[in-house]
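Next come two complexes, and both contain chain A; in the first it sits with chain B, in the second with chain C.
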Partner chain A sequence: MVEFDDGTTQYARVTFTNPKGASIDYTGEFYLASATDLTLPVNNPVIKSFTIPAGGDLNVDYAVPIPLLAVQTADYVACLKVLVGGQPVVTFFGSDGVRVTFSPAIGWGDIVWNP
Partner chain B sequence: MTSPITSRAGSVEPVFPQQLPAIPIEPPDPLAEVYGRMTWDLPASISYVAYREVIAAVDIWNPTGIDRMYAVGYYFINPQGVIVAHDYLQFLGGITFTAFLLYANSPVNMTTVVTFKAPSVGYKFGLQLLELEMSGTIAVVKYETSRLEVALGIKQNGGGGGGGIPLTDMLGAVLIMVPMALIVKEIQGGKNNHGRI
Partner chain C sequence: MPVFAPGSTQTAAITLSNKKDVSFNCEGVLHMGAVPMSQVLFGLNAREEKQILMPVTMPSVPGVYPVQVSIYDSAIGLLSTHQDEDINIVPAQTYDEILRPNASGWYTELMRNGGIANYDRVNEVYADDDASYVYWEYDGTIPYRYDVYNISNHVAGSGQINSVTVRVRGRRTNAYMVSYMSALVWLNHLFASSDGVMPTSTWYYNYDVEWTINPVTGQPWTWADIDNLQIGCKIWNGTWGAGMIITQVYAVVNYTPQ
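This part shows the complex of A and B:
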């Protein structure tokens, strides 16, 4: 489980590999979702399109917006939707969670009467 | 003194499949193949040399009219017929992916490369395509929809026979799975800026 402050931007690097014998046009959409609805992004998906030659690979960096919270913490699943030639192929779901914490944490001091 | 706010969101478990079917298990019901299909480019048996890496191209698709979630299990059976490894394939990367969703009628198959090796001849290696469903926030196995198995044939080379290989040795020799897309993912920055999760 990784932890991030809410409202920040974190960077995810994905190395895409083309195992086929021909060049392929990919689109990768990276987003966070609640496990209760994995197809509904809680942030704006970051979309990157690129072409990988036969047998090649490519590092793709995603600047992932971490959602703002109205609660102290929330756990999300990292999701990566992959399209080939504009056709959706697969969405992978992260086995490790992403914990987002409200920052700065809100606290309060003891109430002092007639200080 | 400062007290933190105690309200918090409900805890959400990462998506990791549970209840891997116990092995030995019956072959999947042929009727279950309607829920998910998987093929590879390996024959039922191959000649094998200990510790030689085997690479298989695997195609997975969803033949149904609705989106479905899957995971892939793998197993090794030693020459004595004992299961010495049985787990889920993980799509390697800074973030590990185990479960995945394939879209209705799979407009494009998911193509994957699986690499594995065994400590001697006589082993069997298999893959299981497992359909998952969410139970609350946990993905549980619903069906085994497809199975592939290859026998690492009796060929030659030193020690052959290889019985009694410790499980720990097997696990060290397991596999790498390269999805059509990602291999390595790193999270940079934030509280875990080492990235490897």
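This part shows the complex of A and C:
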């Protein structure tokens, strides 16, 4: 299980392979979801559209916003929904979970009076 | 521990850093004890460091106050709370600077007993009463006359001027006739007069007139006002035989250093 601080942006690289004999236009939606409902994103899905030639591979990088937490830790599943022609063709679920840990959002300096 | 005067206005500068990769729409609230004393709205971009300024009018009641600042996001709610050093509110120490006549001013209408100028008849540190004074007795013309004197510039004073008090010490020359004396301030060809007062019998009377704001400008006193100020007195005699002696005039500037 990978661990990230809440409210940060982490980068996920996904390698897509086009097994068909023709070039295909894909759309990949990357999101995090709770294990109790894998269809409900807990962050804004990151959507990327790309084309893979027949039989080719393509690395696609996703900048994934990790949610802000009000609790100390939360576990999520990384989900990747793949669409072709606007129709979902497959959804992958990461086998490794994503553990998000709370960290303070604000760093403080001391108060300076009448600077 | 910072020490401030009750009711004074201070500014808290706080440097915040956003540790996240998201932006916040923030409201900062500064509490002293349980009371919110200052609120400010600001944006904080991802990973941004920013100084926010929070003006605070200090409590009027002396004491030690814990200071806490909370940052809220408009969507998320409370983001963070910071406890800072306590603040001690203590009554402000005030000081007086006495400024005495050192030259003639714009009006010299009164008579004097000896000396070389009217101002040197009234500028002694300890009142010498009948030894040196200015005076005027009714002469059948207009019933009032003025003297104003230049005063020395301020030396020790600084900060906020709380008041200017003009002391006029005088007495009537005839216990049976009506005479009044007033205190004057003159600034840039305009002057203001206090109410008149009639000393009892022919005994000397100290008439102290306090102006908490400049009566000429209607604004709080400034040190430039003080350095350009002339002070003096007015004598009003009602009838023949009425007369007034003024032996001492000076100004007391009360101030709070900052």
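Just so it is clear, the second predicted complex is superposed on the first by the 103 of 115 C-alpha atoms of A that agree within 3 Å, B and C clash if a C-alpha of one lies under 4 Å from a C-alpha of the other, contacts with A are read in each partner's own complex, and residues count from 1 in each chain.
Note that in this section a residue touches a chain if its C-beta (ideal position, glycine included) is under 8 Å from a C-beta of that chain, and two chains touch if they have at least 3 such contacts.
Not measured: the values here are computed from a predicted model.
Once chain A of one complex is fitted onto chain A of the other, the partner contacts of A:Phe16 are limited to chain B, with no touch recorded for chain C. Touch criterion met: A:Pro65 reaches chain C, while chain B stays clear of it.
Legend: residue contacts after superposition of the two complexes on their common chain; A:Thr39 is shown touching chain B, with no touch to chain C. In the superposition on chain A, A:Asp96 makes contact with chain B only, while chain C stays out of contact range. In the superposition on chain A, A:Thr8 makes contact with both chain B and chain C. When chain A is checked against chain B and against chain C, the one touching more of its residues turns out to be B.
Shared-chain residue A:Ile111: touches chain C; no touch with chain B. For the contact definition in use here, the residues of chain A common to its chain B contact set and its chain C contact set are 5, 8, 66, 105-110. Looking at the complex, you find that chain A touches chain B at residues 1-5, 8, 10-20, 26, 28, 34-36, 38-39, 57, 66, 69, 71-78, 80, 82, 84-85, 87-97, 102, 105-110. By the touch criterion given at the top, residues 1-9, 11-16, 57, 67, 69, 90-91, 93-103, 106-113, 134, 136-139, 178-192, 195, 197 of chain B touch chain A in their complex.
Residue ranges on chain C touching chain A, taken from their complex, read 2, 4, 10-22, 24, 44, 49, 67, 69, 71, 76, 79-80, 82, 84-85. Against chain C, in their complex, chain A makes its touches with residues 5-9, 65-66, 68, 70, 103-115.
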